[in-house]
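Two complexes are shown next, each including chain A; its partner changes from chain B in the first to chain C in the second.
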Partner chain A sequence: MECVFGLVGKGFALVVADTSAVNSILVHKSNEDKIMVLDSHKLLGASGESGDRAQFTEFVQKNVALYQFRNGIPLTTSATANFTRGELAKALRKSPYSVNILLAGYDEETGPSLYYIDYIATCHKIEKGAFGYGSYFSLAMMDRHYHSGMSVEEAVDLVDKCILEIRTRLVVAPPNFVIKIVDKDGAREYAWRESIKDAGVVAAA
Partner chain B sequence: MSIFEYNGSAIVAMVGKNCFAIASDRRLGVQLQTIATDFPKIYKIHDKLYIGLAGLLTDAQTLYQRLVYNHKLYQLREERDMKPETFAHLVSHILYEKRVRPAITVSNNMFLGDLIRKENTQIHRVCGFGPYFCQPVIAGIGDDDKPFICTMDSIGALYVLSLIFPYAFLVC
Partner chain C sequence: PAKLFLRSIKKRKKKARRRRRKMARYDRAITVFSPDGHLFQVEYALEAVRKGNAAVGVRGLDTIVLGVEKKSAAKLQDSRSVRKIVNLDDHIALACAGLKADARVLINKARIECQSHRLTVEDPVTVEYITRYIAGLQQKYTQSGGVRPFGLSTLIVGFDPYTGVPALYQTDPSGTFSAWKANATGRNSNSMREFLEKNYKDTSGQETVKLAIRALLEVVESGGKNIEVAVMTKEHGLRQLEEAEIDTIVAEIEAEKAAAEAAKKAPARET
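On to the complex of A and B.
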């Protein structure tokens, strides 16, 4: 039910995630942000058990910040990916985190990169990837339309195609998605794709 | 589907005259879904020693990192590269180390372990680490340009093959 996917373009990397927080048949909220901004130039899109997701992504974020405080320079994306994989691998045979991660980052020297990190700590650098039931549709769409060196417009167009496919074909498709981008100017939210807006809180009479 | 077939891998090695060849597929899969097609399973230890790790890829990555760590320390201490036979025995030892490690703990967690309930008191749990779900194929060239290949199962049972059969293969 949770859909996270991402791709690398020319000088940037995009991560897209659905924004529903669900417990069995109940939708708690439809604007839950599942893509954490680790530091100025890194994004961590996570899907899986919500408690593990929140806990583990915060843990990674704080350790990334700690490294910067201690050493005065930020971690590279590949070092962050290896750290994340190491933590997941350590926990795997004790009490594993059920979190699947897409880590996107931009480094001065190596440019944009995207890492696929499984919940059992398989780590691989990829150009396009996806998790969840939505992956069946988004990966197929990306296999067809993706090419390396896409511009932001082309990439967002492809993302919209994937979201449309998920909405059309997945039986319990999440209504809303958030798109975040990381490039030389930093990691930031790019857009939301909402089809259901959470009602505002009604003031007590 | 067994845990060894979760990611999927195929590795072949063969010896020739003063040479060896080792090959692997490049698929990274999660059961039937293909994630990437650029993930080779052969890792270089040093110029004349390669190890192919088939099986669960997270364990292959962990095991490779451990082996590189061990080899780098060996290089610092001995000031030379490890011989293939030595390396094979190292891998066998590391795999058998994790064969089963029972430990009785008190916890509420239930994973990779059996639950032993004592009446009305605490829950005792026997947990084992369990082996690395990896089967290696090791190929290297020793002194005098003599090629060496061997393979082992996931708990380190060593099969040295270059003397008897000139090839080894592992598909899982």
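On to the complex of A and C.
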């Protein structure tokens, strides 16, 4: 029931992910951040087995950092995407990682970009993409309303439309979502869309 | 009978020859103790360090400064590709004296260890941890077969990621390490260390930078062209100083020196 989707706008890229950590029928928490900030200008939104997700995304993050220390300059988004895909491909015929990834980044020379990397090491550079059951709804909404060169306001409006669709039509829709943005000023959290907040403990009478 | 006797002599001779050959190969290949308890290979490595560029490190209250001597660059060489002060992580930097090629290998391994530590325990390394790791690597190569020790001493600086306390450590080819308030290594390190012992006091900010440059100027020709200086603070991490900045500070130091000289001479004339 995990939903991760993203799109590229004018000079920025957005990645949206649900924030529920689920095990069978139990919801562990509703504020799990699944979009990792890889470095100053990259976002890695991941969905799948939580153990694999944590292990694999942290591994990518540390390798991206190591590259920067060794070479004095950060990896480009394209290089990061290809490295990530390569690692998934290496593990594929041994013990594959069950992680689907949307990698968004901003490079000075080439601007914003979004990569779709799935658990069997498919890698595509895309303008809009989604994973999970939510993708049935968010992709449809984006197909209808997306156009290239959207402003941040237009893009967030589209994201809200997608979230509304997921909440209305998906049977076990996740309650909360986090939106993160990456542009020339860096990668950062943009907003949360919460419909369930952790209730405080009721005081004893 | 004679035959058996001859055979046993042959066997004994063969064994002795084999042992001698083994001993000869043994001596050249690895680090072994000398009869008076020295490890000559390690001491020769220290010699290599003594021939390397001068390097100095000074720990202040909120600033740590590393300085290295820059031998005059060849005209056609791109000096930006020769960085002598490097960072191992966001909060750790290293300068070294000795064989630069060995340094590259050690620095690479240390950088990997910094990220690996972050990956396994989700914490950045402390300065002491990474110093211990590098010293451990250097020691391993004094006790293995077929390898020679690393020919470099390192100065490792950084801030503790949680307490923010600054630290300066030094390692050498034997694999020993210790913490210092200020230290120097490489060419003429003794003169620099003497200077630091005489003039060290708790400093912060620009004063720490000046102290480090003054120590370096004891043994290096003055001028921004001949020294490379990097300053590390908790907020901004490692920052390499531009040549122009170094020249300004050197000019300040020379002015202070001249003023001190004049002050010394003036009272003498009065009496």
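The rule is simple: the second predicted complex is superposed on the first by the 198 of 205 C-alpha atoms of A that agree within 3 Å, B and C clash if a C-alpha of one lies under 4 Å from a C-alpha of the other, contacts with A are read in each partner's own complex, and residues count from 1 in each chain.
Throughout what follows, contacts are C-beta pairs under 8 Å (C-beta built on N, C-alpha and C of every residue); 3 or more make two chains touch, one makes a residue touch a chain.
This one's a predicted model, so the numbers in the text were calculated from it and none came from an experiment.
Visitor: Determine, under the contact definition given at the top, whether A:E58 touches first (chain B), second (chain C), both, or neither.
Guide: A:E58 sits against chain C, while chain B stays out of touch.
Visitor: Based on the superposed arrangement, let me know which partner A:R70 touches: chain B (first), chain C (second), both, or neither?
Guide: second
Visitor: Contacts for A:R144 in the overlay, against chain B (first) and chain C (second): which applies, first, second, both or neither?
Guide: In the superposed model, A:R144 contacts neither chain B nor chain C.
Visitor: In the superposed arrangement, does A:H124 touch chain B (first), chain C (second), both or neither?
Guide: first
Visitor: If we overlay the two complexes on their shared chain A, which of chain B and chain C does A:R93 touch? Say first, second, both or neither.
Guide: A:R93 contacts chain B only, not chain C.
Visitor: Who wins on chain A residues touched, chain B or chain C?
Guide: B
Visitor: In their complex, what parts of chain A are in touch with chain B?
Guide: 85, 89, 92-96, 116, 118, 120-124, 126, 129, 135-136, 139
Visitor: What does chain A use to touch chain C in their complex?
Guide: 58-59, 62-63, 65-66, 69-70, 72
Visitor: Can you check the complex and tell me which residues of chain C touch chain A?
Guide: 83, 87-89, 108, 111-112, 114-116, 118-119
Visitor: Taking the complex as given, what residues does chain B use to touch chain A?
Guide: Residues 7, 28, 30, 33, 35-36, 39, 56-58, 61-62, 109, 111-112, 129-130 of chain B touch chain A in their complex.
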